[in-house]
Amino acid sequence: MVIERAGRGIALLPVLAVVFLLPARSDTFGHFGAYGAIFAMVGLSMNVLVGYTGQISLGQQAFVGLGALTAANVIDTGTVAAEPFTFALGILAGVGVAAGAALVLGAIALRIQGLYLALVTLVFGGVTADAVFTIPRLNGQEAGVSAIRPDALAGEYAFYLFALAMVALCLYVDIQVRRSKIGRGLVALRENELAAQAFGVNVTGYKLIGFVISGAMAGLAGSVFAFWTQEFSDKDFTSGAGFSLALTFVVMVVVGGLGNRTGVVIAAVFFALISPSSPMLGWLSNKTHWGSFYFDHKFYISNTIGAALLLQTIVMNPGGLGQVVAPITRWFAGEPFSFHGDADTSTTGAQVADVRA
Amino acid sequence: MTTLATPFSAQVNLIQPIIDGLAHGAAYGLLGLGLVLIYKSNRIFNFAQGEFAGVGALMTYMIYTGYSFLPKLPFGLAAVAGLLAGILTALATERAVIRPLFHRPRVVLVVGTVGVTLLLIGVEGLVFPRGGALPTVDAVVGLDTPYLTKIDGVPLLYQNLLTLAVLAILAVGAFLFFRHTNTGTAILAVSQDSTAARVVGISIERISMITWGIAGLLGGIAGIILAVPPAGTVLPGAFTGTILTVAFSAAVLGGMTSLPGAFAGGLLMGLIEAFANADYSFIPGLSSLPSAQSEVAVAVVLLLVLLARPQGLLGREV
Amino acid sequence: MSELEVHGLTKKFGGLAAVGDLTMQVNEWEIVGLMGPNGAGKTTAFNCITGFYKPTGGRIYYDGQDITGMAPHRKAALGIGRTFQNVGMVKSETVLENLLTAQHTQAAYGAMAAIAGTTVVRQREREMAKHADAILELLGLTEVRDRRLGGLSYGTLKLLELGCALAVEPDLLLLDEPSSGMGPEEAHDLGLRLLALRRELGLTMLLIEHHVPLVTAVCDYVYVLDFGRLLAEGDAESIRRHPAVITAYLGEDAADEPAADR
């Protein structure tokens, strides 16, 4: 048994090699590894809200943006590198402000439910971005607000490792939430609000907890994003770009499989890699004669792929990617390998159908 | 004379926001009609409605300008092609996404329409990543001036009058359609009790097809009328990004199920936006409002309506 | 002392009184039956007692405390457990996870501790798992411990739901048609089980039940509702022979009562 577990551990080595060695190869790889890590954090934040709590959110980019805006403004480095202390303070402030905003949206969600909530979150995200992020004192106008990393994290690989540690933190929180009374309470609310109440779950409190945890994670992702670009620019989150981000985040969590953290993280990294800011497609297109097509159309490629995967998922594969990789994750967890798995022990969580509407 | 001494009406040009508001509002109403129609029949929010307009406008534009290998045709024919493109897109959406998910919870269908929206924006962008604009009605017809008359120096554009007229005709037409035709009544029957409708021999599949086809047509009309200068463009996602959320708010304001409600809600939203955007810098302390006043106003109105009167201001079944 | 007292409970939907002026009393250690044709207002009364509906009128006392209009999760924390007419549990989770969810009120740790995963949390979770195992053992459900609810039979689910209600650690247990979907033999076993639960855990119970042999076997006292009003009350035997009750059941109409379970 021990030998078998060790053998399976060895099978993880290629994965670890990709995660730790590939981004070390060059600054470009490190830079975009960190971008993938940021997406993974957003994916996990969506997972808590949509996957566990069953509340739809088409405005998650607002929390990410608030995190970035706050972190950058707290630290506002100018041209010098941040002190480690103010750096930490900036990140914490980003988390706090985003969590606060999520609390507000959560309070709204207590009154407005279902499809109308989807609409409200969409409007909430758009308005927060367009009204708050464009305030000249906060967005640094054309120049943006600079957020230069502390010296220790100046290198791309070092920053990548830092971002990875933040993902690990989110994963830890996700796991703790899921296996404690909080996660059980949230899932119970999602599936059977009446039963949850009969078990003593406080509907109001738990919905708010779901929003706050999700908002905090998104805020963390945003804070890290501010230091990734080393500045806050509202254009990353407003109007068309923000709308596109918001929908990509929904696509991520659905394609990954609601409530399935492995699937969501894989999907998030995938969408980071095909996003317009990613070098991967550009690199690929340079190797082929599709180069100019790519640069003309790069803003639409991730939309198209994402949408196609989303539709494929909800029509044909409601469990999402999480269900597809379930045999593999089960195997790593020490169970015998099987494609079908015992439906009873499947690690798959929810489907879109379980979102309350 | 200080600015404070001047009367309010002299400082704020009331004509400009009213005309702007009605013109934009008509656009919201036009998209709102399609949203209400789909909501009435399927009880879902169709986030793809804006892109039905986008596809219609884009197809019209590409044929009108003879883009790439497409033939260059007169505007009328190009517009017909645009309308057909809108209808076909909607029908394809119904067939490929809505029908397979028909008996799943509504939220799945809504996420499906979000997916269709993204896909349409993506495909439009892959086909035609640049922006463009369709000609206004005065240019198509060949009039000398783009406006009928000027009120207090503010031009009353033919295009705006056309939009309002089309909106009014469509709202009345749709109202009559639901009241007086078998198909219209059947759509309402399906929306209220699909099992009972099936029992009396209404084909739910056929009704769903027809509804989406009409929504596609409405979208196409909206696209062709709205993708004109100065504000409108043929740009992937333009309709979804700037118009759709306000159109939703308009529909919600009208109660989501009321066609005249969407019409009135649209105009009201347009006016709210226009007045929120007006220049209030003459009032001390209001010189630096955030640049997104109108968006904030729309969001506040939407929230207030949803919290205080979820059935909308005019909400009831037509 | 009476565990539960209901005084003049009224619940109106629109103008219609689903429950009108209901007064009843459940004493400690008693098993009390609530009977009546479909649509008589039994589940509505349950929902008022457990807080899912706010009563239009009347007062409800539990252990001498006025609990009228209190939110359901707070009533659960006070020790009022319930089951639902249609099984009320979390389908996508395993049997064990459902029993852990049901122990929500005993999970005495804060949200921050849970997120940090402190030793207190782990300790408490282990105790809760042990408690869950004990309940499974008590109900003979140990075999299905790690199965998801999706694949289980209706009878097993009803039993498990009873287990979940027990996991709330109630003093007062409200059971909505616990024997539905069961054959006569299973219902008989259920009756024995309820009596054993009272003996071993000192529970007080109020149950909605149609199955007359079960009511006769376990209930100390029975209230009969018809059209939202109290039609008769007394011990099971006298109720069985009560002419008004017989008429009400024979003249039963098939209208659904407004159920809390969607």
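Which chain is which? They are A, B and C, in the order written, and residues in each are numbered from 1.
We take it that contacts are C-beta pairs under 8 Å (C-beta built on N, C-alpha and C of every residue); 3 or more make two chains touch, one makes a residue touch a chain.
These numbers were taken from a predicted model, which means no experiment stands behind them.
> Name the chain pair with more contacting C-beta pairs, choosing from A-C and A-B.
Most contacts of the two pairs: A-B.
> Sort the other chains by how far their Cα centres are from that of subunit C and give me the top one.
Most remote chain from subunit C, centroid-wise, comes out as B.
> State, to the nearest whole Å, the distance from the C-alpha centre of subunit B to the C-alpha centre of subunit C.
Each chain's C-alpha centroid was found; their separation is 51 Å.
> Based only on mean CA positions, could you tell me how far subunit A sits from subunit C in angstrom?
Centre-to-centre distance between subunit A and subunit C: 41 Å.
> So the centre of each chain is just the mean of its C-alpha atoms; given that, what is the distance between subunit A and subunit B in Å?
32
> Which residues does subunit B have that touch at least 2 chains other than itself?
Where subunit B is concerned, no single residue meets two or more other chains.
> In their shared complex, at which residues does subunit B touch subunit A?
Result: residues 44-45, 96-97, 100-101, 104-108, 110-112, 114-119, 121-126, 129, 236-237, 240-242, 245, 248-249, 252, 290-292, 295-296, 298-299, 302-303, 306-307, 310 of subunit B touch subunit A.
> Mind pulling up the subunit C residues that touch subunit A in the complex?
50-52, 71-74, 76-77, 81-84, 88-94, 97, 100-105, 107, 109, 111, 114-117, 121, 125, 146-148, 150-151, 164-165, 167-168, 260-262
> In the complex of these two chains, what residues of subunit A are touching subunit C?
Residues 172-173, 176-177, 179-182, 184-185, 187-188, 191-192, 194-203, 209, 213, 343-346, 349-350, 354 of subunit A touch subunit C in their complex.
> Can you list the subunit A residues touching subunit B in their complex?
These residues of subunit A touch subunit B: 56, 58, 108, 111-112, 114-116, 118-120, 122-124, 126-127, 130-132, 134-135, 239-240, 243-244, 247, 250-251, 254, 296-297, 299-308, 310-311, 314-315, 318, 351-353, 355-357.
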